[in-house]
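The same subunit A turns up in both complexes below, where it pairs with subunit B and then with subunit C.
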Partner chain A sequence: MKHATQTPAPPTEGGWREGATASRAGSAHRAPARRGGPGQWATGRWATGQWAAWAFLVPVVVYLLAFYVYPLYRNVDLSLRNYTVRSFVQGDAPFTGFANYAKVFADATFAPALWHTIVFTVVSLAFQFTIGLALAVFFSRNFRLSATLRALFLVPWLLPLIVSSSTWSWMLNSESGVVNAALTAVGTDPVNWLTSPDWSLWSVTIANIWIGIPFNLVVLYSGLQAIPTHIYEAAALDGATPWQRFWRVTFPLLRPVSAITLLLGLVYTLKVFDIIWIMTKGGPSDASTTLATWSYRLGFGNMLPSFGPGAAVGNLLIVIALVFGLVYIRTQRRQGAA
Partner chain B sequence: MKSLDKGRRAAGLGLVVLVVAGGLTACSGSSGSDAGAVASAGTDQAAGGGTYTIWDPYPQFDDSSDWVKLLTQCGTQAGVTVKRTGYDTTDLTNKALLAAQQGNSPDVLIVDNPVVSTLAEAGVLTTTDETKIDTSAVSPNLLAAGQLGSKTYGIPIGANTLALYYNKEVLKKAGVDADSVKDWASLTAALEKVKAAGKKGITFSGIGTEEGSFQFLPWFWGSGANLTKLDSPEGVAALSLWADWVKKGYAPTSVINNTQTTSWQEFATGDFAFSENGTWQLANAKKTGFDYGIIPIPAKDGGTAPAPTGGEFVTMPVQKDAARYVASQKLVTCLTSTGNSLTTTTTLSYIAPTEDVQTKQVEQNAELKVWVEAVKAAKGRTSDNLGTKYPKISEPMWKAMQAALSGSQPPQEALTAAQATAASAIQ
Partner chain C sequence: MTATRRTWWRTGLGLVFTVLMLFPVYWMINVSFTRDQDMRKSPPYWFPVHGTLEGYRAVLEQQGPYLATSLVVGLGTVALTLMIAAPAAYSLAKLRPRGGGVLSFVLLIAQMIPGVIMAMGFYAIYLSTGVLNTVPGLIVADSTLAVPFAVLILTAFMSGIPEELMHAARVDGAGALRTFWSVVLPVSRNSVITVSLFTFLWAWSDFVFASTLDQGGGHQPITLGIYHYIGNNNQQWNAIMATAVVASIPATVLLVIAQRYVAAGVTAGAVKD
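So, the complex of A and B:
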């Protein structure tokens, strides 16, 4: 939706969330016409301007309608109807209101899946952020080879997920995995990383942390670059220890960047599906099932797809992400006002 | 100002309409030209010609393969042009459902046998009565997977199923004679000896998907259990057998996440005595570099356990223009007739669905004998008139299997819970 502010959007009645900005731009545009001159000329020029504006706007609107609004509408619609394979083909599924949601909430998988989603997301975010920040601070000191090393840290991010998840699943294999081989070598008992219900959620979380660190590193590093060095110099002159400099200068000044990093990380992590599906298929017996993998399994993991409940779970995820998005906007506003 | 606003809105609306209309005409333009192409192809090939679409789950075959050549040849015989597309098998169900929803189903759809009842339930498929496809020569146990009520919705193109591969060297070192493995007790005894000799017992695929259920069923059915009652004493015995193997270390814990491919890779290391796998691994078995043998999966008290049938059905989706069925029927018959079945099944490395052709296959390749026997004993997953109830039973079953194998629930408890879930899902 950010596009709307960049495009010379005319004020439509209601509609845009950025209505305020848009109408400001619009009235600025309108001002000369109102101020005078022959009406004919003004209208003519104005009309041409509007045509151009609309022409610029149309691709975005069509794009948004075709690729965001319509799929979202279809997903909501799917979740509110009782689809069987027959009614899916014939398109006459009866409207059942929130029956699919009720079914999902009553399902024995719901509570564990929600809990796994929370644990997976919170633990992933905490470690990704902490490690990412530590590395960012470390690399911001610009020692020799720091650029090369930093580039190397991006590798997990660049690898296709199928490659990294397959590699993790091979490393953590309880029979022939390199991790268990190492554990045996140091005299510890091997762990059934992917096949034990106690460990599988931690295994996929560890893999996800590894994959998410580069993103945190990159964003936080660029955030650190934006902090003026003279503040550090001043702090050093005042006799602040490095530790104090981090907690009193870096951390507070990095807060806006941290907030957006965490929000984006949250959205990414909530919808993580591929890593878990490739490594454990959400198993053994739902021990690593999150809402995202559950939604997929309902819709596609069975020979008899249940599209309705699958879409309902998907919509729940969207709502959760949306809630945190709103919380973010709210805190941003409050910070902006303060 | 008001009129300006109106004008602006009208202009915007006009633009949107233009774009949408443009998109629509582009679409109708292309479909129009398709129709034209079909029409001209029709006139080229005299009466009854045209382009007929075939979807199959064999993306591994490209246009130069024997399979596609066979399709083209069948098309020529039927006097039509064949347009073939290969999809990944897990994709094909949803693709077929979507195509039916949009009214552009293929003329011939080759699809995994347990999916037939789902598609039939959706009203996507014609019956063999309607399209006059002769299924009389097909073995009843194979045909059953494509039957719902008293109607048949397709004809098997070929069948495969599961058996036990064994590593001759490993068994020899452990002092086990493969022929002595006749029932569960002798198999478990053999595994014990293998473990005592320092080798690994058995690999299978216990993954939490349909693949896991597929591999578990020979043991489940081999105990005498029935899918309508998962927590029967027989069912619990079957699950306990697997769970005990894992607990005692006769089978590795990796079976919980093994697909049939990764399970095969474990067997291919040469450390394992047995592996439960299918006909399709025969070519790979020759590449392993050790001597292997194959025995049927034993039932609990001896004899061959009924393994689930694998393999596809040739079906004809419902078309708006019923006149198309004539040529489609010729295509289907060409692929499945007794005369051509040997070519088809050899091409796809399947066991033929008819007894005549099975005999011919064994004459040509004596190694297939054990597989032919296994196919004869096999049973469709959607048979017993389970149809679309099967997927709803299979999912709780594989979950129970995972719970028992990972030790989070004892077999009895896991299957009782599974039965409750399945019963409420079927209602």
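So, the complex of A and C:
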């Protein structure tokens, strides 16, 4: 191993080839000294390889430091100081420790915002997943046009969020929306979807479910494709009804994919901001405010921004997202290992 | 006979589901053609019976600069993302860097950080460096939506490139850089296109960064164009929906193209090339 340093292949383009071919010649030549021979050369190549490998990684590492770590650091810094517009520009805000966090926890908006975040996330996921799974099962039986229709189902997912949100806003408009027109047509009273505190959270949840169905459909559909058909054939031979086939075969076998879909959906739903902000701005009177929209409103929604508390709410949201994110990564790793 | 009937029954049901699902999209198009005086008619016209192009005329007159900005931002974000992600993916997939696993993990985590929160940190930085309300600033911020995804996807695709191909390049005297440029990139063309399409789409659709970092900018993207519309003239919904339709065109077009590329496997492409 000591010898490795004697012939270090220069970290140049040409050196790589030399190292590679020399190594082959070397190992052939010193076939008897099996342990020393290849190991020696492998170490030389290793050093060269590491130089090249990290040279290619420099841009992404610099990028992550500059555009992820640094903004997040600034965000933490914002949340630990008492910023005003003046000190925001001058950068001399006094350090106040966890005062912003205390302020946020004591705020009358905190409990409702947290509760709305939970309701919005859980209800969205439940419906997105159920509908997505039902559709995936439906589409897994190939029929005429099934591929085309499945592709069309992707459209809501690909539309810019501002497009879908403003379309839903107009559809749910109290006086002129098509949804209320349909309700009136069947004899039900119209609903103030976006302007009533009782309904605004449901309205944004409905829009979010609509946007999330395609993702669930696509992932669960690919999960279904991975289940071998002979299992179904065996179940059919045993006289299982389609209903039994689903609950006894499909559902258990789909559990790993389902876990991944739900966890990823969870992390993404916690982030949802655009839809709610565009449709209701979190209102009326905070009735559809979640942690994400609250953070935005504190930082950017008022004439007098309160960056400190806004950043504090944001950091809380990051912590929640990361907890579930780590659960997701762990689940995925464990499944990959199994 | 029964089999055929069953298939048609499924197709019929599938059509019903699709119509229900795409109704909002249809409604957006319908409203974009509706005349102002019919906008608040109850019940509404289910088809654009008195169709008008007023909305689209308004788009042409007022939204051109916004669309152009979005195009520049989208293309810029794609370029920046690829410049950073492609070399990184090559290294992670083929050069086995020490600590590569940790980096992949960091990227996975980075993907989960909410954009709203990143926006606040960016705002603080951009304000002090004077990048606030500029197109380059927006491009950099938008790229954070795509870079982790791009590295992870490209790494997965590039891992599938056969070792023999890399070995052949090495024997032919290619160094790491040359192998990357002349072998790995061309072979990964399909995945690079796929990543570019998604990146473009996300940058084009971005609202969070646009509304925080470019609110007062001279060049604003189309998402802000629509947002200002909603805020300013609540009455002109045909113009708002027409803008929405136009803003959806790239998504629709790119979906059609991307499907082909996603379908093509990377190793299959390598063998064919």
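Here, the second predicted complex is superposed on the first by the 280 of 338 C-alpha atoms of A that agree within 3 Å, B and C clash if a C-alpha of one lies under 4 Å from a C-alpha of the other, contacts with A are read in each partner's own complex, and residues count from 1 in each chain.
We take it that a contact is a pair of C-beta atoms (placed from the backbone, for glycine too) under 8 Å apart; a residue touches a chain by one contact, two chains touch by 3 or more.
Please read all numbers here as calculations on a predicted model, not as lab measurements.
Touch criterion met: A:Gly91 reaches subunit B and subunit C at once.
Once chain A of one complex is fitted onto chain A of the other, the partner contacts of A:Phe300 extend to both subunit B and subunit C. Touch criterion met: A:Ala108 reaches subunit B, while subunit C stays clear of it. In the superposed three-chain model, the partner touching more residues of subunit A is C, compared with the other of subunit B and subunit C.
Once the two complexes are laid over each other on the shared chain, residue contacts for A:Phe56 go to subunit C alone; subunit B is not touched. Of the two partner chains placed by superposition, A:Leu254 touches none, neither subunit B nor subunit C.
Applying the stated contact rule after C-alpha superposition, one finds that A:Gly282 touches subunit B and leaves subunit C untouched.
Contacts of A:Ser174 after superposition on the shared chain: subunit B is touched, whereas subunit C is not. In the superposition on chain A, contact of A:Leu145 is made with subunit C only, not with subunit B. Contact with subunit B, but none with subunit C, is seen for A:Leu194 once the two complexes are overlaid on the shared chain.
Residues 12-13, 50, 54-55, 57, 61, 88-89, 91, 169, 175-176, 300 of subunit A touch subunit B in one complex and subunit C in the other. Every residue of subunit A that touches subunit B in the complex is listed here, in rising order: 10, 12-13, 43, 46-47, 50-51, 54-55, 57-58, 61-62, 84-86, 88-91, 108, 169, 173-176, 192, 194-197, 280-287, 300-305. Listed in rising order, the residues of subunit A touching subunit C in the complex are 12-17, 20-21, 49-50, 52-57, 59-61, 63-64, 67-68, 70-75, 77-78, 88-89, 91, 135, 138-139, 141, 143-146, 149, 151-156, 158-164, 166-171, 175-176, 178, 181, 184-185, 210, 213, 267, 270-271, 273-274, 278, 292, 295-296, 299-300, 307, 310-311, 314-315, 317-318, 321-322, 325-326, 329. Contact residues on subunit C toward subunit A in their complex (touch as defined above): 7-8, 10-11, 13-15, 17-18, 21-22, 24-25, 27-28, 31, 39-44, 83-85, 87-88, 90-92, 95-98, 100, 103, 105-110, 112-125, 127-128, 140-141, 143-144, 147, 151, 170-171, 173-178, 180, 201, 204-205, 207-208, 211-212, 215, 223, 226-227, 230, 237, 240-241, 244, 247-248, 251-252, 254-255, 259. Taken together, the subunit B residues at the contact with subunit A in this complex read 4-5, 7-9, 11-12, 15-16, 19-20, 90, 93-94, 97, 100-101, 114-115, 118-119, 121-124, 207-210, 252-254, 256-257, 266, 388, 390-392, 394-395, 399-400, 402-403, 405-409, 414, 421.
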